[in-house]
Amino acid sequence: MAATSSSATIAIPGQLLGPASKFQPGPGTHIHESNLYSSLLGLVHVNQPTKAPGPVKRLNKITPAPPPAELPTISVSRSAVSDKRETLPEVGNTVLCRVIRITPRQAVVAILICGETVLDAEWQGLIRVQDVRATEKDRVKIYESFRPGDIVRAEVVSFLSPTLPFTRRFYADAAY
Amino acid sequence: MKFPLGSSSLNWMYGRGRQSAAIRNLETHNPTSTSHPESDSDLLHTADSYSSIMAIPSLSFSRPTFAKLSPHPYLLTNLSPQSPSTKPSRTNGRAPHEARPVQIHTSSLSHAHGSALVRSGNTTVVCGVRAEILPVTNIPQYRPRSSLQPSTTASDEAADRAELKAYDLLVPNIELATGCAPQFLPGVPPSTLAQTLSTRVYSLLHSCGVVDPKSLRIWHDPSAEAKKTTGEGDASMQDDNDDDESEAEPPQLMAYWVLYIDLLFVSFDGNPFDAAWTAVMAALRDTKLPEARWDPDREMAICSRTRKNPLDVSRGGLPVACTAAVFQEKEYAEAGGLAGENRHWVLLDPDRLEESLCRETVTMVVDCGGVGGETRIRSIEKQGGTVIGRELMRGFAGVAEKRWREVRDAMQ
Amino acid sequence: MTDRRRVNGPVGSTNPPVFEDEPEQEFGAQKGIRTRTPTATRKMYLKTGVTPSASGSAYLEIEASRKGAVSGLKLSCTVHGPRSLPRSTPFSPHIILSTHVKYAPFATKQRRGYIRDPTERDLGSHLETALRGAIIADRWPKSGVDIIISIVEGDHDRETSKSQGGEAWDMMNALSGCITVASAALADAGIDCVDTVAGGVAALVRDEGDDTTPRIVIDPIPSEHEQILAACCVAYLPDRDEITNLWFKGDLPASDMELYSQLVEKGIQASRNSNEVIVNSLLISTREQQPHERHDGTTRMHIAFNLQR
Amino acid sequence: MASTQHALLSPAELAYLHASLSLTPPIRPDGRAANQFRPLAAETGILPGTNGSARICFADGTEAIVGVKAEVERTRRGDGGREDGVEYVSSRLEGDFVEGVSSGEGAIAAVDEADRVGESEWVELSVEIPGARDDDAGTVFLAAMLAEALLAGGEFAKKLWINRRFHWKLYLDILLISPPLSYPLPLLSLTTHLALLATRLPRLKSEGDEDPFFDDDWAAAPYLYARKDGKATARPPVSLLVMAVGNNIIFDPSKEELAVADVALAVSVGEETATTTAAEADEAQQQQQPLGRNLRLLSVRTIDPPSRLTPPGVPNATNSAYGAATTQKQPEARAAESEAVEGVWKAPRGGAKALVMAALVQKALMRGGVADEVLDALDAVDLVA
């Protein structure tokens, strides 16, 4: 059975990693009946806690409300065991994307690379005109900034509101 | 690992990410000396004005990243290495004329009369041949053939082929929509590619005369029926060796075997036709048809479970397909402007990435198994592009011969 | 139904070969008597990563019980995704699962068509239920994943199974295989699951011969038994000790639920066996995994397809 | 998928509903008891053109009609068919080749093993749900479920046997004529049950294996399910929808209730038939209980509970101006929530314990339990064919 799997480092989905009281769940794990289980096939990492993330950081970079006592974070990563891993772009990620089509209001892009990960699926993103650059936002003309086929580097500023697919802020100079 | 070309960052500095710039930069391995069209200048100035916000980062990409962002330059830089010492190699590590090794495993399917699994690199295809009986009564405008003489003359052979085709005795179908690659998801009608492949296999099967129609005929031989010796049992299948009986009561052709040749791609990584054709050949050579006799009372063919006769595919020899794609230095967008020094590479047995980047492909079907082992070209197909001319074609024949031997060995 | 997009073959209808029965010499041997112990599953071979271009993939082969008479089960499963949903689809806080099971044309006794028939669709929805319990859907909002299973060779008898609707029982074996192989492929694709779900089948059978008291066997083969009274296929999460999909079918007196729960219990036992296979295969593939060298599926497929010979 | 259409409830509503359904006794939105069916109006013989038909209308407005048509069909049987495995069970794709090969060992053998044999092929059952394609997975699932219950044990198909060469081909057309306000399984199953009870086939006048001809006097036509003094000796199966929430077992859930189910099962129940088949011979001794109905368990299928697809609630702990963002793929955030926060809805993960499932089936089959009540209720409907 998975739980009594021979290897200590390799985790299998459903494998018991430890009690939730002793660890903090990291990526690739889930909690069931106040125990931590692996939810991925990969290698187990235990990171000792660094400093507690400040509240401001927590707001836009989403980490959970930290438990009262800082616990080591246990996580399961596929990076070591597989060269292809898909990740969802998260707020704050820097992504590389190709412009698919442009409208006066926004540019629609396909996200090709998220952080260091090359994505299989091309997730769609939006660059709203007001996000193209930090200053003189009102002067921005999408068609002056992008052309279909351009590769741009962008940062994810929002994700997942049912109305807007994605939104990105662009550092124009990073883009060109 | 980092991609060897540090200068790849340039694409994003000036090229606005379009591969035009990428290529320029890769030619002249010097960031600053890159010339760029006027259209870019205003953007440069835009870029400068924002350098205050954030310093321009020097981007350099890992291999996979570069491959994803601009596949064409990626393949190009692999094929044209800087140092003359290193040999040009493709992104998959193969030399331009190097094909993937082929593995063939036959008769692994128990419900098919013949089957083969062919694997070349990451392209895997399963072929199952299934024989069903087509009573001549079910054939509209069926022309009964009287002659029992084993067809020897050319005209007879022609007739045989006509027979195969007229009655549609060979039914090859290729299924790509098995999720064998991200672009081939099921639940959709056969893609253009799938249809093309099926048709190509179909026509090649007929043009090469791979299957001998004799082995598909099911005879009713009253005289053979009369004296039930197992020896005559064969007579029902192979008409050649029962001429002597034939005087008494001429055997009649009552039914045909129809061969349903179904191909299923388990994994797809380019060059589907070669793999498919190899699988078809292997499966047909593996096919054994149960011995069938016509039962006049029941008016149906009855087969023997024990006695099976291998399908006769000797006449067609062993045609082997060999496909290559032509990779050009300039993509179409550029070709107009810088037509002059447009280098090209002929990539044998292209994989998915290469196929997506090449417009010109050539497929040559050769058979070196003929008398004296001399090469016979059974078919040549070429699509798109203008690179391949007579010279290249001649050279390619040599490559095809080499490929033929590899496949032949795999078949053994 | 002629499909213009395919090579349709002759207009006149063709018939599968009809055999004169030559009873004794080879058939007597084949008339199946179950040789395994009631609690033994057939040998399984499972390998992940056979389709490198897919996000995840797996190949499952269940050995043929008796050479020639019964074909083993051969399944190839590919997982594509998580991928972004088409623009048309509405927002979803969960990953959207779509399962697709298809028999290859040469997989069964009859040549199958290319269009999915109700049986295959039914298998698909069973599979979906089984998997949806296993995956952690909210890890991948706004995404979809396609799970595609090609049944390269169906678990079918050469001769008709004597029990009515033998095919229906074969369906259960196929389903449990589908669940197992899909579970491995999901793990290979790196989609969060609460556990490695696995399928198992148990049946209440009556054997030919003098003692005709029904007994419960796991991983049944219809032709090995005089009659199958009831069977159930479970999809089971061993570590959570939970069932995500239960499919029972047959004819049991309501008066003794005991029989029923025993049947399910055996089904769970069967799925535990196949789960061990999953775990081992995952561990092996993970150990031998070097980045950029995932394509060692080659030799495995080779071995796999040779099991038959 | 269609078997689990979305109930549009907010996480808060879901949490509330789940809580009230887990109380003992559960409080259902429509005030029903846990094992109480929705009140229904039923009538039969509504379609004069059919051999049998029925219509049922649930109080919640869902309504279904079922029509049964029977045709005489020549039995396809071939010795070839037998050995080669071209048997009828799966012969959809096979041509009608075996036709005309009706003589020979195979056929004789077939008759020897039982003088009447039935094929599942003889019943064609089609389900239509408004707004769903007929090859939609959910619809196929429903049809398969109803069919497998009907054909279980092969008893039903045998009723269609006329003689060695001919049989009845039965077409069941099951139509949901209202929009699917709730998972239609119970409704469709009950309606089918009634329609089959009301089904009559013309009386056979011919004998032996000659081409059959029938008595055209409809009054003389016997019921498909033979009846003694107005009560059917045997009855078609019924499929019940059962779900578990917390420790409660709830029957015939409405759409909203199903949306918070921990597990949902479709249990098909048949009644012990007078004639014992080979299948039941050995269990006969157990069948002798005098009182109540002798129910039989025919099929159990897990219904994918829509609860798995419901939007999760966000506990205040992690709620913030960036509320939308917290639901993004962020393992920590998710996992932290998965420690169930009181009153915050969370879509269930995983499956159900075997014991729970067993309990559901047990409850449905209990002597004098829900299945009995339903069957009694259906008995009350007087049949017009």
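In this document, chain identifiers A, B, C and D correspond to the written order of the chains, with residue numbering beginning at 1 in each.
Throughout what follows, contacts are C-beta pairs under 8 Å (C-beta built on N, C-alpha and C of every residue); 3 or more make two chains touch, one makes a residue touch a chain.
Protein names from UniProt, one per chain: A = Exosome component EXOSC1/CSL4-domain-containing protein; B = Ribosomal RNA-processing protein 43; C = 3' exoribonuclease family, domain 1-domain-containing protein; D = Ribosomal RNA-processing protein 42.
Values in this document were obtained by computation on a predicted structure and should not be read as measured data.
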item	value
Chain nearest the global centroid, as defined over all protein CA atoms shown	C
Of A-B and B-C, pair with higher C-beta contact tally	B-C
Chain centre separation (chain B, chain C; CA means) in Å	30
Length of the line joining the C-alpha centres of chain A and chain B, rounded to whole Å	41
Geometric centre distance via CA averages, chain D-chain B, whole Å	48
Approximate Å spacing (C-alpha centroids) for the pair chain A, chain D	45
Touching two or more other chains - residues of chain C	13-19, 21, 55, 83, 108-109, 111, 116, 136, 139-141, 156, 158, 194-195, 237, 240
Sequence positions of chain B contacting 2 or more other chains	182, 300, 302
Per-residue overlap in chain D, given as positions that touch at least 2 other chains	80, 97, 327-329, 331, 334, 349-350
Contact footprint of chain D on chain C as seen in their complex	13-19, 21, 92-94, 108-113, 116-118, 121-122, 124-125, 128-129, 132-134, 136-141, 156-160, 164-168, 194-195, 206, 212-214, 227, 229, 232, 235-237, 240-257, 260-261, 264-265, 268
Residue numbers on chain A that touch chain B, as the complex places them	83, 96, 98, 112-113, 116, 118-120, 133-135, 144-145, 147, 149-153, 171-176
Contact set on chain A toward chain C in their complex	1-3, 5-7, 10, 12-16, 28, 30, 32, 37, 39-42, 78, 80-86, 88, 120-124, 160, 162, 165
Contact footprint of chain A on chain C as seen in their complex	55, 81-84, 87, 91, 136, 139-143, 187-190, 192-196, 237-240, 272, 275-276, 279, 282-283, 286-287, 289, 291-292, 294
Contact footprint of chain C on chain D as seen in their complex	1, 3, 78-87, 89-97, 105, 118, 120, 135, 137-138, 140-141, 143-144, 148, 151-154, 265, 269-270, 272, 278-280, 282-283, 286-287, 289, 294-304, 308-309, 311-312, 327-329, 331, 334, 347, 349-354, 357-358, 361-362, 365, 367, 371
